[in-house]
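Next up, some structures in structure tokens.
The following pair of complexes shares a single chain, chain A, combined with chain B in the former and chain C in the latter.
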Partner chain A sequence: MQQVFSIPKSMKKDFKYTFCPGCDHGIAIRLVAEVIDELGIREDIISSTSVGCSVFLYDFLDIDCVEAPHGRALASATGVKRARPDKFVFTYSGDGDFASIGLAESMHTALRGECISSICINNTTYGMTGGQLGPTTLLGQKTTTSPTGRNVDYYGYPIKIAEHIALCDGTAYSARVALDTIPHINQAKQAIKKAFQVQLDGLGFGFVEILSSCPTNWHMTPEDAHKRVREEMIPVFPLGVFKEVSKDGN
Partner chain B sequence: MVNEKVLIKGNYAIAQAAVNAGCQCYFGYPITPQTEIGEYLSGKMQELGRGYVCAESELAAINMVMGAVSTGVKAMTSSSSCAVALMQEALSYAASDELPVVLVNVMRTGPGLGYIYPAQGDYNQAVYGGGNGDYKIIVLAPSTVQECIDLTYRAFYLAQKYRNPVILLADGLLGQMMEPASFGEYPYPEVDVSSWALTGAKNRDARSIYSVAREEKKQIQHIYDLHKKFDVITQNETTFEEFNIEDADIILTVFGSMTRNIKAAMNVLRKKGLKVGVFRPITLSPFPHKRINELASRGKDFIVVEMNMGQMFKDVKFAVEGKVNVDLVNRPCGEWLSVEEIVSSVEKIVEGRKQYAASV
Partner chain C sequence: MGKIVIDDSRCKSCYICTMTCPKGLIKKSSKTNRLGDYMVEFNDEKGECIACAMCAKRCPDLAIEVYK
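Moving on, here comes the complex of A and B:
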């Protein structure tokens, strides 16, 4: 019988699944692992990890990792890449880490055009601390720190991360994808692969924002959570490629 | 011509010493009075094909150092006082992660923004740290431009040897002054980092460097281990300098560039008939508690002279365990205490002690 599905080689053999049921981190990390396998880069990777639910990346992937304080993953990754330009360097953060406490580091890494790849999980909340208002919380969204819903007067607007990163001249690739349907998951994998490939090609900063569900803190079933991604998040955070520099310079 | 004497500014001396020590990456953000370090290295590192980033902030700069040193290379950042305050979180992480970060602090005046006058107000910040948790940093305090070179070499060596962050605690006076000094060769052996450095999981298990321990027992053990390591550092690496200690009744205790006119003050006081010696910790952390306690056991009084409100003063008091008198001669910042000021302050203290002794 032909085997058509297996655990990616870049996953650790003894990992325990520690995310909440229905969380999209599991899918996102699996996609990253598949891309690492397909590009054959596992042995060259040094990853700078973030703080938040995304920190558990190093529980799952069989790669070298160095911890960074909350928001400082891109600075740490810059240090790694400048010290070892021959290594493959990527970060995997949540929206709070990448676009709130770490926005300066993230933007400047893109502006410098560091040959680093970054994945940002946007689930519109701080998951690990129990669902507070974050930089991408939607207008009207109720969280533990916006109990009556996000309103502009009190909380201001959510940030469109992929569009901001695309504006940076050093960015070679910036896209937003989602994990709510199988076609979207396939597109997400292709986007991750492109964000990784621009690093391998020396073109600059590669970025993917992944719209993800957080059923626990959204107080929804996994199915309803994906429905929310589709019906509430995608209209505000449209999917697409916002910048793509190709090898011939276009 | 490595042993040739050159006339060089402290900041440039530190920068060139870092290059000689094999520093592969520098990351920094400008702040007076240390900006020349970053300026000098910007050209130098590019010329040598090494790493250099004008970081977006001090937060970013020190985290870039953490990333770089995690791969086994030598790297550093430099800054000053209020901006070093921004790096305290990273120092706590680096100590826990056992990352060989080298940080140069060319002190200015605080608290807050303060100003660019020289001061020694960051003793507590360096020695006790502003980061969270139980951690210790190695702190080296140069007193001359020559020592800026020698201790920069030592900072890179100790950082890798013990996998511990090291602060070189200089000040605006040293950073900005020119003095003859020679670089010599980098005098330390290269430390083997192959057992822990991140280089990609090729032909070995993957490595993770992190401070998060979700199991209580692991966290407890990790903190014990860090402190056991620092006991070894204290045993092996505590250094200090002494002048005229043997017959001294009073020991002037100083660190960093305050040492520069303390010897002149000592000589004046000796001419006036006071048996005065000088004790100078070179490592502020590990602090030479043991040696100070030995001297206190021999009945020698201490007078701490420093450009802050009495920060090292507390460590000396702690070290003497109440056996002898410890007094303070100080000014918080600005013009360095002159020989005359030190002499008259010491005389006043001695007179006060005499009067007190007569009254009881």
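Moving on, here comes the complex of A and C:
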């Protein structure tokens, strides 16, 4: 019999994910590894990792990484890319890292049009630290720091990251995808590939926001968590490509 | 006809695969892992598996290998 689905070659040998059961980080990291395999760029990669659950990327992917302070993944990545423009540089971070503490760094990296690819996992909460209110927490969502639910008067509105990044002139690709169904997982892989390809083509900043579930901090089963992504998150954070610059400049 | 192999050391019993398989061939088993969670088992007596790999694509822990 022929093997039709196996673990990507870019993943470390005998790794075991340390995420909670049902966490979508595992699928997101697999998609990144598959794209790296398909583009054949593993030897040229320097990744800049964040702080949060996403930091474990370097435990599972067999690539070179530098660790950045909280929120400064793209600031470090800018330095790496400018020092070594021949290398492929990408960041992998969560919404708290990318869009709260690191919003200035993220936004200005896109505005400068750095040839860097960036992936942001949006699970509407701070997962590693115990489920506090994050920048993307939905209105009405109960977290440990908003026990009565997020209300506009006190906490304001959630940020729509992919739309904001798409407004930056230096951005070459900005999309939002989800991981709740097989078609969405396939779309997510295509989006990650395009965000990587714009860097290889030297077009500018490539960005993908991935809607992900956090069953532990949402206090749900994995299947209910995916249902919440479908029914509550996607209406607020619509999926789609918000900016795409092609090689001929359109 | 296909088959899958589930790596019990990777599986964390999230049961996403049991709800994903279109033929319902993956089920909760009576065996438990070291944390006491019921593990999953693949049972395909009639040879219904077509190796669509939907279980493997949705497995968050990459515990499933698919053969055809």
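As a convention for this text, the second predicted complex is superposed on the first by the 250 of 250 C-alpha atoms of A that agree within 3 Å, B and C clash if a C-alpha of one lies under 4 Å from a C-alpha of the other, contacts with A are read in each partner's own complex, and residues count from 1 in each chain.
Assume a residue touches a chain if its C-beta (ideal position, glycine included) is under 8 Å from a C-beta of that chain, and two chains touch if they have at least 3 such contacts.
Remember, it's a predicted structure, so these values are computed and weren't measured experimentally.
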Partner chain in contact with A:T148 - chain B first, chain C second, else both or neither: neither
First (chain B), second (chain C), both or neither touched by A:Q3: second
First (chain B), second (chain C), both or neither touched by A:G26: second
Touched partner set for A:R42, first chain B, second chain C, both or neither: first
For the chain C and chain A complex, residues of the former touching the latter: 2-3, 9-10, 12-16, 19-20, 51, 53-54, 56-62, 64-68
Parts of chain A lying in touch with chain C, wherever the complex brings them together: 1-7, 11, 16-17, 19-27, 30, 182, 185, 215, 221-223, 226
For the chain A and chain B complex, residues of the former touching the latter: 12, 42-46, 48-49, 55, 58, 61-69, 72, 75-84, 87-88, 104-105, 108, 112
Contact footprint of chain A on chain B as seen in their complex: 24-25, 27, 51-53, 55-57, 59-61, 63-71, 73, 75, 89-90, 93, 97, 198-203, 206-212
